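Input: one structure, supplied below.
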Amino acid sequence: MSSYGRRLVWVTLATAIVCVAIGLYIGLYLTNVPGSVAAAHVGPVTNLYLGTVPAAEPTDPHPTWVSYYVVSPTSTNWQHDTTFVLPANSLVHVTIYQFDGDSGLRNPFISQATGTVGGAFQLNGKTTQAIDPDDASHVFAIPQIGLSVPLEGVPDSAKNPCSNAPCPLSYDHETISFTFRTPAKGLYRWQCFVPCAAGYMLGFGGPMQTVGYMDGFIKVV
Amino acid sequence: MEASAPLADHIKPEPREWQLRALWVGARMLCGAAAFFFMAFLFAYFYLRSLDVNKSWKIGTVNPPTGFGVGIVVVLVASAVLLRMASKRPTEALPLGLTALALALLSVVLQVIAWTTLGFGPASGGYASVYVGWTAWYAVFALACVYWIETQVASIWRMGREGVKRPRAEGVPADDVELLGAGLEACSLFWAFYVALGVIAWVVLYLV
Amino acid sequence: MNEVNHFRRVLLIWLVASTIATPLVIFVLAPIVPPGNGTVESAGQVTDNTVLFGLSTPIALAVIVWFLYAVIVFRERDTSGAVLDGPPLRGDARIQMWWVVITTAIVLFLAGYGTVRLLSDGSGGGQGPNPIAAPSQAKDPPLRVQVIAQQWQFTYRFPGYGGVETQHLEIPAHTTIELNVTSLDVIHSFWAYQLGVKADANPGENNIAYVTTKQPLTFNIRCAELCGVWHGYMFDTGRVVTKAQFAAWISAQRLTYAPATKSLPPYSNTYFPDPQRLGG
Amino acid sequence: MSAIAVTTEKPPAWRRLIGFNLLTAIVLGIAGYLIGYWIGGRINTPSTAFFSAEAGENDISVFLGYGFGVIGFLIGLGFANYPVRRLLGYPPTLAEHESADEGLGRYFRLCTDHKVVAMQYMIGIGFFFAIGGLNAMLIRTELLNPNSHVFGANQYLTLVGMHGSMMMGMMTSSILGPFANWLVPLMIGSRRMAFPRIEAFTFWLLMAAGVILITTIFFGGFQTGWTGYQPLGSQGTAGYDAYVGFFALVGVSMTLLGFNLLATIITMRAPGMTWTRLPIFVWGVVSTAILMLLASPMLAAALFMGAFDRTVQTAFFVPGNGGSSFLWQNLFWVFGHPEVYIVALPGFGIALELLPVFCRKPLWGYRIAVAGMLGVTLLSFFVWQHHLFVSGINADLRPFYMLSTELISIPTGFIFLCAMGTLWRGRIRLTVPMLFVLGWAFNFLFGGISGVFLSDAPSDVTTHGTFFSMAHFHYTIMGGLVFTFFAAIYYWIPKMTGYKLSEVLGKVHFWTLFLAFNATFGPLFALGFMGMPRRVVTYPTSLQPLNDWVTVCAYAIALSMLVFLYNVVASLIFKREPEVANPWNSKSPEFQLPTPVPVHDFDRIPVFDADPYPYGVEPTPAPTVAPAGGTA
């Protein structure tokens, strides 16, 4: 082969490798973005069922991380997605099956529910406005619309705690439910405010800073 | 390993004093870099101490291991003095250098023992952090110095055994004796400076 | 053509350009440069920016005119390929001296002016726990508001009103506000854009910034220091309202947040909530 | 050049791959990483509260993995051979693998020829520059729309941090690495660097650092930006360990690079090359090297503290435990501001070095230019707290830092004065390098003036931490450093490689880059004033049109870079038109040597009797350097 031809081959080869590498590189950034789930419509209100667990499934890339899940009404089917698609300007009834123990809040102010219809929520069927900040296990908050609901932790004395997802309702849990009005169309983020990321400084690393665990989006359509 | 080509005949060597001067200048510049490195720890010490955020400069009982501190500093100073003497007295360089080397190594060993017998952990507040960080990196670079001193001592030893070779082919115009002298001077100067930094660390960590 | 002519022509072009551009910049561009006229501090920043714009326009023009003139006029036009050299000018002590004098004068003026402006009222910047420049407090003590940053929202505490903590910020008009900015976790920065206020929120540190409000207005609050994954979403909208509205608002807030207020720690300049190191 | 060409038969290809070279280095690097990771796993005992076992990751493992990996990499390259020989007392040597017989192989192993190291730097830095640029494109893609995300919020922040770290960490050496290593020995009349092995070491260490930074993707990235503020950094996943490891190695590499250059320039100037005859580029290198030598160790120290916080659980930056977030800010910016000038000063040097050549005039005001550079060097150690005007830290010192920061514009002004003086009445030839120098002047002017807004504490309240400051430092670094970097490439690459670069493509590259650059970063000033903070994944909808415009222009920058890449590949790999020894009729020493420059540069160390700017002197004095006769 001529010297020119050889160079051509090398350069073409190098270009191809570089293009593949760039594709892989961008792909690495694009992956691990969790999918979105539409909330179920039951009657006039939209229902959203969520579950919180102390650890994700053993097959998860981060099996030790706490996480939110989308669950079926009877907590049988668990889906690891944290973008919830909700209809705009309508009431959404959220039910959260809370399987995690308590961690306590950094800012006790968040122990009070705000932004829900009626300014309160149902804790195991009991209307509650605020909980003891030290008993909080997680918070479901959409700061952009002022929604914030503390989730009571399963007491340490629980006999049958769930260690990782999926958790059927037979395990000890707290059921929190509330209704809120969705805002206009757009993308809103939600997060947890309890320093629940075990093993990270201030409890706010890892799952607290990774969309797909204790953070996600509300996609209002 | 050395695959370099010897200089061709028509290529004249560079001035012989260049490499000697480079060693002289290099040692002094390394002193500057080392000083700035440990200045960060000095700054951290006084900064955290003066802020005393959350009254956590010392959490619980945090007392430096004074006995080890004094021991380490004495050993370090002795080592630096001996190595400096070695560079000034070529005839006694080998025994002096060997002793300095042993003492330098001893200082690191003492430091390691001191860590295992500390009454506090790294998390016991600002002082504990600075103590652990500062002594750890001091020991790491002291080990690097131990290596440097060892190369000098080993060169003296080998030259004594194999005799002096006149100018070498690999582009070093200065002869072995000159290079050895310059290398030992640079090494001993930096080691002396480094030990001075250690004395400052000792004053700050144990006495202030 | 001799040197003096060139120099005079550059000077002339620069003078003309500056005379046209500088007023345009000062009177047209600078007033529309935010953060606007909403508070004493933001108005002060606009004034400050105007001065900087006004000064930098002729300076920038001087350099640009000089470069353009040189490149156009002194461009090599000999296309024969011969490489001809210019005159071997190696410097001129007089010009260098004047350059030093002029630039030093401008710089000292700017530093002096900035210092005066800064010390007059603090310019809305965070000044740490012991502010050196506070607005004149002749009439009444400033309203103290604590801004608590955490990952990832701001909440606000009013020590003068039973230590109530609120989700949003409303402040009265025509009042000097003392913002005490602190953080519960990492570094944030409280940036109230239209108020002309920016103060970093540091964990375990109290950072005080002053603002003197004027008319009612709505302002945007954003976090201006990277604080983690939702840094970009850490924003809020605050309002400056009349004093009466503020009184009504704050009592309503006290009522609404009574349950949460009970569990709050006593008001303090800084907070060190547990756990410090590890969560879980 | 080498007189003794050993004519042995070449061993087969597979045999040549075995030995101390890049391939071995990569294998040993990976092996070292695995060993370190394994050892770290042994150390970690979940019973102690100190280690964050619950996080499902082990920082000690990661750090030890990086450490052992780097050591394995360096051993594979052959960096351990000489130290072991010295350990056994064998006398010092200076050269390794400098023989031209080794051909391209030299570029893939430890080679102490300063020209080879320079070319290695050029390729290596260019590679990471491309990654940094790619990150920028991805960032701008994300910012196309405030309400829908291409990347996850944490992936976006990782991109921002990668872009910043890549550019600030790797590009710091973008001029000192390739150009100073290549030019300084030729300009001052020595054949080599004072410590050639350290020279090679800085390069390979930097490459290891760059690879470590890229591995952050596999550990979850880091969400702190290039400033790595604590305690946010300590919250991060193991991805932040990559940031710490990267910057610590960059700090070490920069310290040694500065050390080596400074030692060379101080001790190895040829007879007659007095301080006042040094080419101005060398003065730029001197001032930069001083900053590198003294400021970088503090960065390394700060990062070591951060690494300790994450592994052995010290509390340097944990406010509730006796540490302070301010400590990191102070230590980082004590390094960080000199760092900013580390990337600006070489640009000054190149601009002032090239202007005389293309104005056909001596450098106007040589001494004041030197004073300007050294003044910047000195002052840059006293300005760092202007990054902290609103942080609440030492607020009473703000007037001082305002003054010191604005004072630094005086020595910077000297550089402009000298540029303007050199242009005056010259015979200006608008070649591609000259265009880039003029582009530098224009961009840096606006970078400098916007810097005054940021240095003015009242004005800084609004502009701090916004796109305004982002635009400012892109004007100084991209508009300043990168433009001079390209000026240097177009000016010296023909000399370094011996092949011509296409002038037409060069001009296309310049004009597209210049226009796209200003169209991109100019509006960012406005965006900053309009309230857009840095590093945000979303922004008010009202700012979308301007952001979209910026994104489109940023893509234009990328296209412009592709033109450059095409030019390099087409000209240097395919066309290969030989370049004459002195294409610019420069009177600088390096252009008096034959092309390509022989391995040993000079047959005999030259004697200088003038500075390198004897333009316009009649009759033109003979070249100050006798050409090497070896090729004759």
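By letter and in written order, the chains are A, B, C and D; residue numbering begins at 1 in each of them.
FYI, a contact is a pair of C-beta atoms (placed from the backbone, for glycine too) under 8 Å apart; a residue touches a chain by one contact, two chains touch by 3 or more.
Source: prediction; values computed, not measured.
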Touching subunit A and also subunit B, the following chains: C, D
Centre distance in Å when subunit A and subunit D are each reduced to the mean of their C-alpha atoms: 41
Geometric centre distance via CA averages, subunit C-subunit A, whole Å: 37
Between subunit B and subunit C, centroid-to-centroid distance (C-alpha), Å: 47
Subunit C-subunit D separation of Cα centroids, rounded to whole Å: 31
Of all residues in subunit B, the ones touching two or more other chains: 53-54, 123
For subunit D, residues contacting two or more additional chains: 52, 54, 153-154, 223, 231, 235, 313, 315, 318-321, 324, 326
Shared-contact residues (touching 2 or more other chains) in subunit C: 185-186, 204-205, 228-230, 233, 272, 274, 276-278, 280
Pairs of chains in contact (touch as defined earlier), listed by label: A-C, A-D, B-C, B-D, C-D
Contacting residues of subunit B [partner subunit D, same complex]: 1-12, 14-15, 18-19, 21-22, 24-26, 29-30, 32-34, 36-41, 43-44, 47-48, 51-54, 56-59, 121-130, 132-133, 136-137, 147, 150-151, 153-159, 165, 168, 170-172, 176, 179-180, 183
List of subunit C residues in touch with subunit A within their complex: 148, 150-153, 155, 165, 167-168, 184-186, 228-230, 233-234, 236, 256-257, 259-260, 263-265, 273-280
Interfacial residue positions of subunit D with respect to subunit C in the complex: 49, 52, 54, 153-154, 156-157, 223-225, 227, 229, 231-232, 235, 313, 315, 318-321, 324-326, 329, 359-368, 388-396, 398-399, 402-403, 406-407, 409-410, 413-414, 416-417, 420-421, 423-430, 438, 441-442, 445-446, 449, 452-453, 456-462, 464-466, 529-531, 533-540, 585, 614-617, 620
Subunit C to subunit D touching residues, read off their complex: 3, 6, 33-35, 41-42, 44-45, 48-49, 52, 56, 59-60, 63-64, 66-67, 70-71, 74-76, 78, 83-92, 95-96, 99-100, 103-104, 107, 110-111, 114-115, 117-119, 123-132, 181, 185-187, 189, 191, 193, 196-200, 202-209, 220, 222-233, 272, 274, 276-278, 280
In the complex, subunit B residues that touch subunit C: 53-54, 123
